[in-house]
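What follows is a group of structures, each given as structure tokens.
There are two complexes below, and they share chain A, which is joined by chain B in the first and by chain C in the second.
Here is the complex of A and B:
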């Protein structure tokens, strides 16, 4: 297993429940992906900001409001809704 | 056992401010308080396939303006990252934020602590800003029965997160910092900071240590939405940590919530390590160059610093601290005051008294009371509908200074001006208020009054050394002049006549 990730922790963060076989498979695939990035990291690349990825302020959006979808359209694509809001299982940080 | 006084509290704040824009930060959807749920949502807000976030220029400029207000560095570039987490307040499962290259770096906010009494200025200090980054707000959850309801109107609203260095040392300093920050944000037009609309929220990091010792383990209390909640959290958390450490226990680094109704904090979910958010550069939003031309243009919009203005009013115009502090708290009011002083530069104090007391009182009465993030602050007043113009107020003060009307009459004229918007001189004439300063005529009346046997006793008492006895003579003189005699002049003439 490559250093830098823990498949159980990643699965938990991703809200995935994995079988031992899946864990083995994804660990191996992730190792291969990380290995690829490590190869990229060896390349001699400029350390300054890449000009090709820089935009100037002219590429920004003006502060002009545009149309919205409307609550009906937003809630229609959700599995459950109530009173114009999307309904989800209770998630709370309430005082226990 | 050590006492609580041996402990020093160390506070750092993360202040989240919704910026004053019309559209959202990466989407064109409008936003604003009081809309029906999910009516201000577009495909970019939801992160639907095929959509592309594009940064709102106004949100960037407001962020830069904030940086310039606090004297920060505006870097040559800034960029956005994805902060990944699964929670229904977040429609995309990541929040667009700035991790490594924020728009504002450094700077400081000057604060003023409460003085020993209301009319004595307190100590000033500077609180360093670590950085401020421009991110998107998340949706709003409300909890109903076994489920939670999600409204994404707030998702994507431009949010500037202002992070301080751990420079604050008491709840009073935290309060003073937030007051000062809110004043600077609103006076520069960066944000409105309306607590009732949730436009300003604060996370509060607290740790304690013995002075000079390394920083202790801190806790973070999240989502405080008023200055009093921040103050109460600092007091509560300090006491709790002192209790824990003095009982030989340790402080756990944890995320906490605050129950304002019960006045106590509680533990939230375990604080996730930063790498749990698996930040990475957002591939949809290119790195942004922040041009020096823009920075220079925005620098011209930076208003005079609150406390620089206060010092100027006190040192140059000779105003007392109470009047100066009231005026500078509201930029519009301060600028109105300055226009009035420009029209009558001889008496800034006289103008300040009327503006800070009478005008502010009447304007506030017209606004009614509201609750901002700072519950202790008076309702913000607007001068746009003020019936009196700055030059008109200057005219009133000038009439008083010239002795045409008394200070008492000036109050009466002011009330009439606020009602009708007329010039002071017109009201003085219409009401026949002009004081009689005709020495010849008044001398004649004085002679007539002191010749009246009815006042002989008072005259004898005055001559015998009872200073106050002279007042009994002023009433009959005022009566004969229908109250229009200049009181100062009467006093002078009486003393002369009585030798």
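Here is the complex of A and C:
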């Protein structure tokens, strides 16, 4: 099942930039680990996953605002902030 | 007295504090003095704010003086794994990604410990984001096994276990996603409990794999472990997977000598070191001699546990770690002119090799064209494993196996082969997949290295596991053991 394994595509989806050495290493290691997963392909498994749920069915709370950290606490741990807001590189190009 | 305080149990320290024979300040000063001598050697802690610890100790002593003591943990230091939030203290997960993060809030367990009067004592080293079984994946420092400083302490809660074995603290908190409390407890000769999924709130625990993660107590005796668990376990509306007050009826311990003990067929065979098998077999014979009914049970899908776990855990990790994008907190790359570059470069610079490996793997098993073959099949395998465990636990009270197949290995020995390292967790993983409570108790040695056995019970049967552990502990000399350093 591991055919089609594309390290460049996975790195892009994962938002990771890998060196050629890392790509070679991870490709080899992931192939070995995924090979170990083949036991799942050959197993006789139930069709229902209900028994897999260790989380309770009712595990959703009401969508009601509650207490949260204030802007000061949030911007204090942010990598960069200005005027009480988190700053990031420009998202929208002026020219566009 | 100060030179022997580190050898005492939390229960005994509590008695002395209550009797007025000891102050929390004197206790903390003694432990800080020991830390100053030993931490560089063992590497259990990544951070200790001495002034903050002593201020907490003084406040505790003042409460006690005023007759306002808060219970058995009043004035007792509890060290905390560095993925559990304590307001005003570092929360690095032993990762470069969070190297400068100071938590702006308390986890639920930190609130509970404060309410119990405990001293929140220092930050403990771990595998980065709790991914690993040796604490070698920490970006901060190495932690060494106090019983043999050339060997790993286990992981990912390696700092939590090593701190206990070195007598640096009487109690610690770990987190357990696939064995991360129990495996280091076994390697360091201490006691570790992974509670039933939902017994302890995960609010303030940095998420790795949310359907598997649990915070749990670690100590040098079963009694101390029980003491700490009592403080941690309570309802919390901020973690909706945490049992509400009326759902958390714990099964009564019953009489330990009447427990029915199941030995999973084949678990003491292939891959288990002879000394480990001998120590665990001796524990089985002990229970039999006490009057426990010992029988063999079948867990036919046990071989699926490791692949199932590494699909489910990495899938959840790849999603949970998506939040580290360099925007709101954590490392932000200086080399970025666009938001996508900022995210990619921040993640590439901030995460270590094992975290990247698991994100890539989790992304693969969830990706279009592969999710059915891997993630969805793993969920079905998880259902099967859980059903088999619950069926076995309807026949017996507890399942007994080794905690880890082999004793602690040399630092660096398995670093190049992640698959070999993943197989360390073969006995501990099923309890996480099935949401069951599990306890590791020291039961012997392989040469000079500790060996532990592992008990798994039905949901909310912690009292039975602890009663079984206490029965063994009372008849053997492994409780309160510490390495000579």
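The definition used in the following text is that the second predicted complex is superposed on the first by the 77 of 96 C-alpha atoms of A that agree within 3 Å, B and C clash if a C-alpha of one lies under 4 Å from a C-alpha of the other, contacts with A are read in each partner's own complex, and residues count from 1 in each chain.
Here, a contact is a pair of C-beta atoms (placed from the backbone, for glycine too) under 8 Å apart; a residue touches a chain by one contact, two chains touch by 3 or more.
Computed from a predicted model, the values in this text were never measured in an experiment.
Peer 1: One more residue to check, A:76. First (chain B), second (chain C), both or neither?
Peer 2: second
Peer 1: Report for A:65: first if it touches chain B alone, second if chain C alone, otherwise both or neither.
Peer 2: first
Peer 1: With both structures superposed, pick whichever of chain B and chain C touches the larger number of chain A residues.
Peer 2: Touched residues of chain A are more numerous for C.
Peer 1: Can A:84 be said to touch chain B (first), chain C (second), both, or neither?
Peer 2: first
Peer 1: Thinking of the overlay built on chain A, is A:41 touched by chain B (first), by chain C (second), by both, or by neither?
Peer 2: After superposition on chain A, A:41 lies in contact with chain C alone.
Peer 1: Find the residues of chain A that appear in the contact set with chain B and again in the contact set with chain C.
Peer 2: 13-15, 49-50, 54-56, 59-61, 69, 74, 86, 88-91.
Peer 1: Across the complex, what residues on chain C touch chain A?
Peer 2: 101-102, 104-105, 197-198, 211, 237, 240-241, 301, 303-304, 306-308, 310-311, 318, 325-332, 336-345, 347-348, 351, 356-357, 359-361, 363-365, 367, 369-370, 373-374, 376-384, 386-387, 418-419, 422, 433-435
Peer 1: Sort out for me which residues of chain A touch chain B in the complex.
Peer 2: 13-15, 49-50, 53-57, 59-71, 74-75, 82-96
Peer 1: In the complex of these two chains, what residues of chain B are touching chain A?
Peer 2: Contacts found on chain B: 21-23, 26-30, 36-43, 46, 54-60, 77, 84-88, 141-143, 145-152, 257, 259, 262, 266, 268-269, 276, 278, 286-291, 294.
Peer 1: In the complex formed with chain C, which residues of chain A make contact?
Peer 2: The contact residues of chain A facing chain C are 1, 4-5, 7, 9-11, 13-18, 22, 26, 29-30, 32-34, 36-37, 39-41, 43, 45-52, 54-56, 58-61, 69, 73-74, 76-80, 86, 88-91.
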